[in-house]
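Here subunit A shows up in two complexes: once beside subunit B, once beside subunit C.
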Partner chain A sequence: MKALNRPWAWSFLAAGLVWLATIWVTKGAASGGLTEAALTFAAFSVLVGIGQMFVITLGPGNIDLSVPATMTLAGTLALKLMDGAEGMVIPGLLATLGVGIAVGLANYALIKALRIPPIIATLSMSFIIQSIAIWSNRGIRIKPPESLASFTTSSTLTVPNVALVALAVSIAAWVLLNRSVYGRQVAAIGQSLPAARMAGVPVDGVRLATYVLCATLAALAGFLLSCFSGGAALNMGNEYLLMSIAVVVIGGSAVAGGDSNVPGIWGAGLFMFLIVSMLNTYQFQAGYRLILTGLIIIAVILLASGRKGGRP
Partner chain B sequence: MQDPVLQVHDIAVRFGEVTALDGVSLTIAPGECIGLVGHNGAGKSTLISVLNGGLTPQTGSVGDGPYGIARARSLGVRCVFQELSLCPNLSITENARIAHRDLPAFGWRGTARRIVSDSLDAIFPGHGIDPRAQVGELSIAQRQMVEIAMAFSSPTAPPRLVILDEPTSSLDAGLAAQLLAHVKRFIAQGGAVILVSHILDEILSTATRIVVMKDARIVADRPAADFTQGSLVQAMGSSAKELTARRAQITGDDALRLTLPHGLPFHARKGEIVGLSGLGGHGQTRMLLALHEAHAPQWWPAATPAVTFVAGDRRLNGTFDLWSILKNMTAAALPDLARHGLIRPTAEATQAATWKDRIAIRTPDLQNPILSLSGGNQQKVLFARALATRAPVVLMDDPMRGVDIGTKQEVYRIIRDEADHGRTFVWYSTEMEEMGLCDRVYVFREGAIVAELVGEEISEHAILAASFAESNRGAA
Partner chain C sequence: MTPDRLRLLVPVMALVALLAGVFWMQPRAASYTGLNLLLNLAVPIALATIAQMLIMAVNDLDLSMGAFVSFVACVTATFLNDTPALGLLILAAAIAVYAGLGVIIHLRNLPSIVVTLGMSFVWTGLAVLILPAPGGSSPEWLRTLMTVKPPLAPMAIFASVLIAIVAHLIVMRSTLGVRIRALGGNERTVARSGTSIIATRAAAYALAAFFAVLAGMALVGLATSADANIALRYTLLSIAGVILGGGEFIGGRVSPIGAVIGALTLTLAGSFLSFLRISPDWQIGAQGAILILVLALRLLFNRLEARR
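And then the complex of A and B:
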């Protein structure tokens, strides 16, 4: 039972149970395909979720709602820049990172200079970003370079490549959160901003870096997603707004900030994909599917938070 | 003798380890104005909270039968708080609706407007305040006037005891005189007033009886005519312990400077222990925060921090509640414990272990959560956090609250030792004894430094005399 004391344990437990429930109905027929799909789609959720996790760790009120728009803009601009040419892969990637850094800087500029609460600042920023994406996209669907398209859709040693990218980012994020001065300072700010300031934490610098990190990971996810799906679409980021927050919460990070973990994001990302697959497999109608999704998420969060209440 | 307005008998109030009131008895008769004095932490505010029903003492009796806020109001007890308690987003009339529950359900606006206007006219003739105005648009002085007027007014039964806690702190001399004249009229008509003020002139000229509090007890309770400025200051202080500063005047370069908007400028030399004294809440903490803000990193981490801070208000700006003792202790020194931005676990553990021994933190394991420690031990962790940095200046915001006497001695020794090695300490404390450990003391009053005491000049008497304005708002 001791393993269940880990804050991320419940999300993996839930993901595992849902996986088994799905496999049981299909009599194990599609287990390989299901796992591969789960890993692929979880990878995108993990990328945006990690960025959102750092922002949420900063404490009450901190959230980045510009994630979907940033994904769309990064995908759109990068694909337009590359225009399917193999030689342009590196510039495309650099453009993606540039979009992320610019959005992060702009977000924090609004929060800091105009003293707008993050929820409003990032929401209004997302309208601006989305408008730029619409303006530059103009409804043309540009295909990604062949090498990127095949990289994002194929696997290495049966593990999808995008999942490997997300895994590498996760390991880096884990080190950053648990072993670095920066991660310690993010958690300090999340617990008490005045105390962090009095302990000599450069509060503005750390918060700025965190918003930039979140936007950069969102841009990277948008880039990979548009290569994976054969082109950028204006609505491609939509489902990742709630997804990025949901994986943080289900993964066992504290919504009030100051206490987060990286593994839970994976458990939650897999769970969020598998739950939809399971309900599809059981052939529920769309309405019931959504209701059940909501109920199951509530149940997992209740179980996970019950653990916290029991701690001394 | 007439029936008393209110009587408290042998009450005691304790907050954890701290005794705020210890066997206090007080009888308030109609027609008297009690001047309540005592330096900070003496128990005045606690006594007021008991009288207005906001706090129930652990032992002793207040009035007859159960006592609480509702009972206090029905007895006609009113209180004007030091911190203004009006809602800024409502009009004066609407605030009166909150204060006076006995306003009629219909047509209360008219009644409220009338009684507040009448009361304002009576206390502050020519006030020029419109009762329909929104409180947020009023100046601080006007808000204070409204609050006082509201306490003296009532739609039904008139107030019998009005408690005024530092009522003149934001009024100018003319308005203060009007208020004190009204207090005299009020008691002449049989009302009772408790007046708390740090301006001794007001107390001596207005009060009929003076109650002096010290260390949670009443130490003197005599007619006002028996006191003079000097004897009052003496009654507040402890005559037994005279303080002695440790060292001769320190010369050398300034480590820190700050010019305040009023009063004397502040500076601290290298290796100096500078005390900030005076009554609590008179600008000491605000100046420490300003010093910290001016020197702390905001955007980029500083390789060597210029200042470090020991919080007195642990809940507000001290502890990180979700963290272990270890993480709390090393929070300010992280850049020193890291290589390429990554924390070296062994360096962190070594530093924490060193300070655990040096400052004697009582815990079996530094991985335990910070909240598992007692308040005093949490405070020691905050000391260790600040002292473990390489910052040449340590700012301390009354950090010894709740620390036991043995630990205090230990910390005093460490502070002295560090100062001898060239560290500068700026130390705000409400404890007189600690001012005796300082090389130089600034006394604060009303947000400004009003006196500077060096070496031999530092004494409890000198600090008290400077904290309480000798003449009505002369030096301020």
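And then the complex of A and C:
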């Protein structure tokens, strides 16, 4: 039972139970396909979730609502730039990273210069980013270069490539969070901003870097998602706003900041996908499916919480 | 001027500036009918903003506001219209659920963001079950109430003033209101003063749900029918409205009058942009820009406030 004391254990336990419940109904028929789909879709949630986790770790009030708009803009601009040409893959990737960095800088500029609460700053920013995406997209669906399309939709050694990318990013994020000075500074700011400042943490630099990191990961996720689904759509980021927050919290990171973990995000990402596919397998009506999804999220939070007292 | 009054100055100025802009570009808007058309959708948004403000007063955040108002709209357009007694019972039960959420969030020390996130799925699910396709119809009395044409000024203005006064009396003047804001300010102090903090949080949530119910009903009265996604925008609109009106995320610092003005400003911003003939591509972006502009003004005023 010692493993259950780990904050991330609950999300994996929940994901495992849901997986079993689904396989049980299909009598194991689709277990391979289900696992592969779960890994693929969890990968996108994990990418945006990790960025959001770093932001949330910064402490109360820190949240990035511009994630969906950034995903859309990055996917749209990169595909437009590449225009299906193989030789443009690297410039496309660079454009994606450029979008991420620009959005992150703009977000923090608003937060810092105008002292707007992050939630409103990133919300206002997302309106502007969304407009740029609408303006540059114009409803034209440009196909991704063939090599990218096949890379994002195929697997290496039965593990989807996107999941491998997300895994690499997760490992890097884990090292960054737990073993680097930057990661420790992020956690310190989340635990107490004044204390961190007194201790000589470059608060502004760290926060700026975190918002840039979050936007860049969102841009990367948008880029991969648009290659995976054969083109960028204006609404493609929508579900990732709630998803990015949900995976962080279900994964066992503290909403009040200062304490987070990377593995839990994988458990939560898998859980969130598997829940939907389980309810689909059981052929529930859309309404019941939504209600059960909501109740299960709350139940997981109820179970996973209560390990720490003291309201922040 | 007291700091609280000064805080109200920016939202009021933003509202006046937007109104002036609208009138200047479209003089015909400065009439009874024009104002009514411009502002009547602000009534449900103002009510939802007050609801969000009550949750924010206890340092929580309700991400299910839009889903809940949509659910209420669906109940209003179906049950409340066909079998009023059952409809009222459902709405009362929904308010009780909100009070229960307040208790659970407090007892288990849960993050309100996540609990309400989960609840947003539940409310949307219930709404989809009630009305799988857009439909239903508004109860006759509600339709009459929302389209009433009082003398002197349109209904929307009377309604906004009434909402602001009632919310101000409850939140700023009543004992309960003071306790709710105190809970946001310093929880321990409230507990030491002998007030039950669980009951206070539950009351804040129930009161918020009550205003959200009114928002859903007002929306159906205007729209005449409902849809499971009719008010999804309200979640972000209500949060932005509270902040525009001078409220804060933490510390129980809220302003009901400011919140109503914030809601009116957000509604007008949409009309202002369509009068400007901005390409539809940029309308959302321009709304973001207006939000940023108003908040920049507020910073300027806060600086002035600090200097004196």
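Criterion: the second predicted complex is superposed on the first by the 306 of 312 C-alpha atoms of A that agree within 3 Å, B and C clash if a C-alpha of one lies under 4 Å from a C-alpha of the other, contacts with A are read in each partner's own complex, and residues count from 1 in each chain.
The definition used in the following text is that a residue touches a chain if its C-beta (ideal position, glycine included) is under 8 Å from a C-beta of that chain, and two chains touch if they have at least 3 such contacts.
None of the values given here were measured: they were computed from a predicted structure.
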Figure out whether A:L290 sits in contact with subunit B (first) or subunit C (second), or with both, or with neither. second
Who does A:I245 touch here: subunit B (first), subunit C (second), both, or neither? second
Thinking of the overlay built on chain A, is A:L157 touched by subunit B (first), by subunit C (second), by both, or by neither? neither
Mind working out whether A:S126 is in touch with subunit B, subunit C, both or neither, as first, second, both or neither? second
Regarding the shared-chain residue A:I90, is it in contact with subunit B (first), subunit C (second), both, or neither? neither
Most subunit A residues touched (candidates subunit B, subunit C): C
Residue positions on subunit B within touch of subunit A in the complex are 292, 296-302, 305, 308-309, 311, 316-323, 327, 331-332, 334-335, 338, 341-343, 369, 385, 389, 391
Sort out for me which residues of subunit A touch subunit B in the complex. 175, 179-182, 184-185, 187-188, 191-192, 194-205, 208, 254, 258-259, 312
In the complex, subunit C residues that touch subunit A: 63, 104, 108-111, 113-115, 117-129, 132, 187, 236, 239-240, 243, 248-250, 279, 281-289, 291-292, 295-296, 299, 302
Subunit A residues within the subunit C interface of the complex: 60-61, 65, 110, 114-117, 119-121, 123-128, 130-132, 134-135, 242, 245-246, 249-250, 255-256, 285-295, 297-298, 301-302, 305-306, 308-311
